[in-house]
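Here the structure is laid out as structure tokens; the discussion comes afterwards.
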Amino acid sequence: MEHLLHLLSQFIANTGYYMLDYRYLTMLCVGCIFIYLGIAKKYEPLLLVPIGFGILMGNIPVFQGLGLAIYEDNSVLHYLYMGVTLGIYPPLIFLGIGAMTDFSTMLARPLLMLLGAAAQMGIFLTFLGALALGFDPKEAASIGIIGGADGPTAIFLTAQLAPALIGPIAVAAYSYMALVPVIQPPIMKLLTTKKERLIRMEEPREVSKKEKILFPIVGFLLCCLLAPAALPLLGMLFFGNLLKECVVAERLAVAARNAVIDTVTILLGITVGASTQADVFLTKESVGIFALGAVAFAVATASGLIFAKIMNLFLKNKINPLLGAAGVSAVPDSARVVQHVGHEEDPTNFLLMHAMAPNVSGVIGSAIGAGVLWSFMMR
Amino acid sequence: MTGLEAIEAHNGWSIAVVGISIVFTGLVLLSATIAQLHKILALFEKKDSFQERLRQDPEREKKEEPPILLPADIRESARHFRLLATQTGDVFPLPKLLDYAVKRGLYRPHSALNELLRAKAIVPDGNGYYKWNKNVSC
Amino acid sequence: MEHLLHLLSQFIANTGYYMLDYRYLTMLCVGCIFIYLGIAKKYEPLLLVPIGFGILMGNIPVFQGLGLAIYEDNSVLHYLYMGVTLGIYPPLIFLGIGAMTDFSTMLARPLLMLLGAAAQMGIFLTFLGALALGFDPKEAASIGIIGGADGPTAIFLTAQLAPALIGPIAVAAYSYMALVPVIQPPIMKLLTTKKERLIRMEEPREVSKKEKILFPIVGFLLCCLLAPAALPLLGMLFFGNLLKECVVAERLAVAARNAVIDTVTILLGITVGASTQADVFLTKESVGIFALGAVAFAVATASGLIFAKIMNLFLKNKINPLLGAAGVSAVPDSARVVQHVGHEEDPTNFLLMHAMAPNVSGVIGSAIGAGVLWSFMMR
Amino acid sequence: MTGLEAIEAHNGWSIAVVGISIVFTGLVLLSATIAQLHKILALFEKKDSFQERLRQDPEREKKEEPPILLPADIRESARHFRLLATQTGDVFPLPKLLDYAVKRGLYRPHSALNELLRAKAIVPDGNGYYKWNKNVSC
Amino acid sequence: MEHLLHLLSQFIANTGYYMLDYRYLTMLCVGCIFIYLGIAKKYEPLLLVPIGFGILMGNIPVFQGLGLAIYEDNSVLHYLYMGVTLGIYPPLIFLGIGAMTDFSTMLARPLLMLLGAAAQMGIFLTFLGALALGFDPKEAASIGIIGGADGPTAIFLTAQLAPALIGPIAVAAYSYMALVPVIQPPIMKLLTTKKERLIRMEEPREVSKKEKILFPIVGFLLCCLLAPAALPLLGMLFFGNLLKECVVAERLAVAARNAVIDTVTILLGITVGASTQADVFLTKESVGIFALGAVAFAVATASGLIFAKIMNLFLKNKINPLLGAAGVSAVPDSARVVQHVGHEEDPTNFLLMHAMAPNVSGVIGSAIGAGVLWSFMMR
Amino acid sequence: MTGLEAIEAHNGWSIAVVGISIVFTGLVLLSATIAQLHKILALFEKKDSFQERLRQDPEREKKEEPPILLPADIRESARHFRLLATQTGDVFPLPKLLDYAVKRGLYRPHSALNELLRAKAIVPDGNGYYKWNKNVSC
């Protein structure tokens, strides 16, 4: 009987109810908000729902020893999280993205790729900002990559350079990606004139099957010979795209863009979410990361817009500078935002298709940027 | 250490400048190459299509075969098999067709198929697969 | 020539034919029986066929050194078996189950959940029985969980507490789950009167989409705050269910309930089967485990039935006590058995839908039970 | 050690009693919460639907637009596009529709689509996607 | 500014463009040829496209330290390559092949299985040849298995015996498998008379469902009791086939022959391709391996043909000796070649179906051969 | 070491001879067993079918039930449910059917289904699933 009471009191002392404090409660609320935004607002639900539930799973306060928490090295969450820390999940996601992405609008209008390059200014300016706030270079590089607006790339680089920050950086990156429809429009309206927003783009030329097949091979060689450190991400992206375009390996492309990417998305989402365990997440640093992340998105958007305006100084056929905002990857949300803002001015102006070009080149751009930062930091 | 001092101490400016330059180099390179790609391809294709035209002309006359009329007794099974073939695609491996025929309970599937082969109603496509002869009416 | 004969004789001495003894033969027969039951009798074929073939694979007598046997640490079977021993497969299966399960009947009638709790008495009484038979507490807990009638839960707990017993416990659990249509009916008829078996349940109310979406979140928080050790299993179960119900992440739910669960089922089945290698399986202990397993199922069934009768003492709208038998998880077999037995008395009495409520709550119940035992044993 | 002695030595009774109690606590807790859940939801919904009614009334009048009749020359392509749109769902991204149109070999897909947009036969749904204007007959 | 120039020059010195030399260029060309053969010529595209792109990925010259190259032990490619080196991928591919293969023509005509045995002479003669060229026994065995004309088997055995040779041996095996339509026909015409090529096969009897279900069980027991070392490959092959034939586990068979095999094919292809990194691949040994590989395929083809002619001396119903060439696995290409060559002589002679029997038994044969070599070499 | 010398030094000949012998042994064994397999199965089946005929004869008479005519008021819902059942396969779990009915907005799905059960228009198949009674016309 005595032992029974002892056991009971010990059990109660180990329940989550007993151990719950304001920090865990905060994070549980954050998790619920993520899930709410994903489901009710339909902001990137494929990412926010798994990450949100992962936040819940990571913030049930658990006693140490059994291997329940993601940071205990014999827990299931820990094993699944190894796909993040070893950098395996992001390339597999890029494989699937490659097998889903149609690069034809970009191939039809290669000039628009420059907008995808310009938007990467966000990465490097944020890097400087993070240094200025006192983060060490590796952390600063990881924070900068939030400006790439590309979840897997951010996670991949952070896992290599500053694994302790995976949680806040991934959450910041995905939060702002989900909030792209909120963040970008004001900046876009501020930096463009009504006349600019009314510019119409001419219809892109048709792209042949051969071009589409050659592109991933040529693109891979050009980019990875330049920035070998982008190889894990870009190699898989272009490989997936080759599987898609070559037709003869269709069943592999199907596997890549269904079973592989969906399974990895589940595992990445849930573990990245769980890595936000309150005691490692709720720090002063996280606040800094979130602030810098917002700056990164704003700077990236502005850079793309301004660069488009600069290009227009030299071009005969003017580009609608709104397209510059689509350079911040966040596929396909930022392209959709461009369509939206353009549409407000002129309901018959159809920019979505054109915006896909800077959008997908922004993915390539931020992967190169990540590769460059990685190679600079590891010396 | 914070502020500009921290940036300088960690060579932040150089890294940022070189970094963004490389990103631009990469995408400019890619952009320029792609812009040429379809022109090069077009050149190749023009050459190809020219050669092909040279080659094809004499062949074209050969290909016009007279329409074949199947004997009445196998026309029935031809119709059945053709129905099955709609499920296997234009070009199909024989075993698959046979398999379908067996599953649908066609009458004497093996020999019916054999007769169709002999009558050239089903012809090889040259890659180990088979297709229907378009000159056959059934 | 001399070497040729030497090589030949050595080869012959290493063939399975030469090394086969009665123990391996016994196990090969057991494997064939599993396959037979799965294919010809259609008892849980998705489990019995892989496990049965796994038993065959694990009981080809092999020479040591090459890395062929599952217990050699450089064999392929060993690597695949790590998903079992590290506890990775069961949560992934729960993810898939969550993405398949419709909890609406349970939501419509939360009272029936208590039957799913009552049936877990089987776990704890069997635990006591196993202690009494001389098993040490960790082994006893693993044996007790057989009474949870839930394969992945049993495997998960045993992998944590008594890895050496995974083979017999998994085989016992799955055997009895397959035999549910044989084990339960006599107990059900014995413990209920004809009048009780004729009780009709009223139609459940309709459950709204919002309830279904909120349930996995609320359920997760309530259960895992109470018993944090149930987190790996229940977390994934409720996460899968959220993916299913939220609609916006449908493609992830599809991946979870197809590619993920099917692949893991294959790997879990074949390796758990292979873990029954004759020399570690055919022991006195295994006999004890099988005997206790049968007791566990019987006790669980009886507990559910009796608890339903007790509840009826207090309820105005009586419950058909047969539903109590569905509390022993074994989804959906035990629910089908309830339908069957009820149907024998009154062919127009349709209990299947109602039986799903205790059935799925039994899954939650045994996961909590497993968590509790795990946390008690690891102190 | 076996028998009752073993159970007592390992605190079996306490473990079993506490264990089953926790399982019950968990499911009772869940059961009770679920039983309240739909009542709470119903409260919220009543409030929501009330507010919505307030908001919707003025909007409703705005929405009643007169039916649009398309000019004859684009009615044909409207019909074609509408057929395609059945395959893309009620709400569709324009590029997808265009892609289908190109694949089906529709005549001048880009400009046809453009005309439909200008004639408001295809209208934005407010989320970057597009839908058919229900007031258009074709 | 000084640091900027330093950084830039250092970066340039680390680009692939700078580090590229003739060896990497050679390999990049080889990769492109693989991709070209796969896409334009449709030779085994599911293998050549991933391997070809893998060759590209493995031959971007990268600087050491970051973990980019497949032979650095902290690279993503390295982690994915572990599926090859630990021998995990090949059994999973065999699982999928089993779940796709219809053994009925073989069951209808078991005599034709002997042709699948005869073609394995290629393995052992090449083994002798490799010894004679100075390879050590383990390497020689790995080279010999190229004659089995079965990619996963070759990779599996090489991973066990001579992991350093995985690249060249896999590339040789897949190259020659893709070139089967080029290699086999001249040998087939040389070794058979026109009269022999005209022999017609009688229609196979129908095979019952029960036979098809029993075959994988019986086949597994017979083969693996004889050659236990073939267990990882044959166990999975027969298990996959049981899943396919038993019908009741259809969803598992679907997973095995879609999600599992396609995902593994992608990962195996890309990593095996990447393992051909120029500095380990372009060696004198690789030349020897390619030469021996060609011999292996020729010998295997010839052995099958000649054995068929020998069988005809004793048989009343003569076999078309062309079927012997189908014994070299390379499913289903070599069977298609048989159909082709037979068809040239007599357009109404339909050999494809019959050729599937030696073809699939050739898979079993080479797995046994691999098992035997493995067990001989590891003593 | 190369050439024949190397082969002999590593016992190459023995390995090759024993190796190929084992491969042949394996496939001969399998071939011989398979050749017998269908004969053994045929024996078993003959026995089985004989026993079955003995068993079935008395049963067959039992099974011929008179056709059932549904009352007019539920014939309508029977037709609806039967339509739904085409989507669930010949044999279906009741909850699934009910679920479909609810989704299609059938009138009073629960009680309609109940009536069909009572009228034996839907009958259990003996495995916990249900099927349509073939004697019912609706």
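A, B, C, D, E and F label the chains in the order they appear, each numbered from 1.
Note that contacts are C-beta pairs under 8 Å (C-beta built on N, C-alpha and C of every residue); 3 or more make two chains touch, one makes a residue touch a chain.
No experiment lies behind these values; they were computed from the predicted model shown.
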Any chain that touches chain D and chain B: A
From chain A, what is the lowest number of touch steps before chain C is reached? 1
Would you kindly say which chain has the C-alpha centre located farthest from the C-alpha centre of chain B? C
Taking each chain's centre as the mean of its Cα atoms, which chain lies farthest from chain E? D
Starting from the mean Cα coordinates of chain B and chain C, work out the distance between those two points in Å. 48
Separation of the C-alpha centres, chain A versus chain E, in whole Å, is 39
Gap in Å, rounded to a whole number, between the CA centres of chain E and chain B: 24
Shared interface positions of chain E, touching two or more other chains: 7, 11, 226-227, 259, 372, 376
Among all residues of chain D, which ones touch two or more of the remaining chains? 13, 15, 18, 22
Complete list of chain pairs which touch one another: A-B, A-C, A-D, A-E, B-E, C-D, C-E, C-F, E-F
Within the complex, chain E is touched by chain F residues 1-4, 6-7, 10, 12-13, 15-16, 18-20, 22-35, 37-38, 41, 45
Listed in rising order, chain E residues that touch chain B in their complex are 1, 3-4, 6-8, 11, 105, 203, 206, 336-337, 339-340, 343, 347-348, 350, 352-353, 356
What part of chain F is in contact with chain C in the complex they form? 11, 13-15, 17-18, 21-22, 93-95, 98, 102, 110-111, 113-114, 117-118, 120, 124, 127-128
Touching chain B in the complex: which residues of chain A? 106-107, 110-111, 113-114, 116-118, 120-121, 123-125, 127-128, 131-134, 136-137, 140, 207-208, 210-211, 214-215, 218-219, 222-223, 226-227, 361, 364-365, 368-369, 372-373, 376
Complex contacts: residues of chain E adjacent to chain C: 86-88, 91, 95, 160, 213, 217, 220-221, 224-229, 231-232, 235, 238-239, 242-243, 246-249, 251-252, 254-256, 259-260, 372, 374-376, 378-379
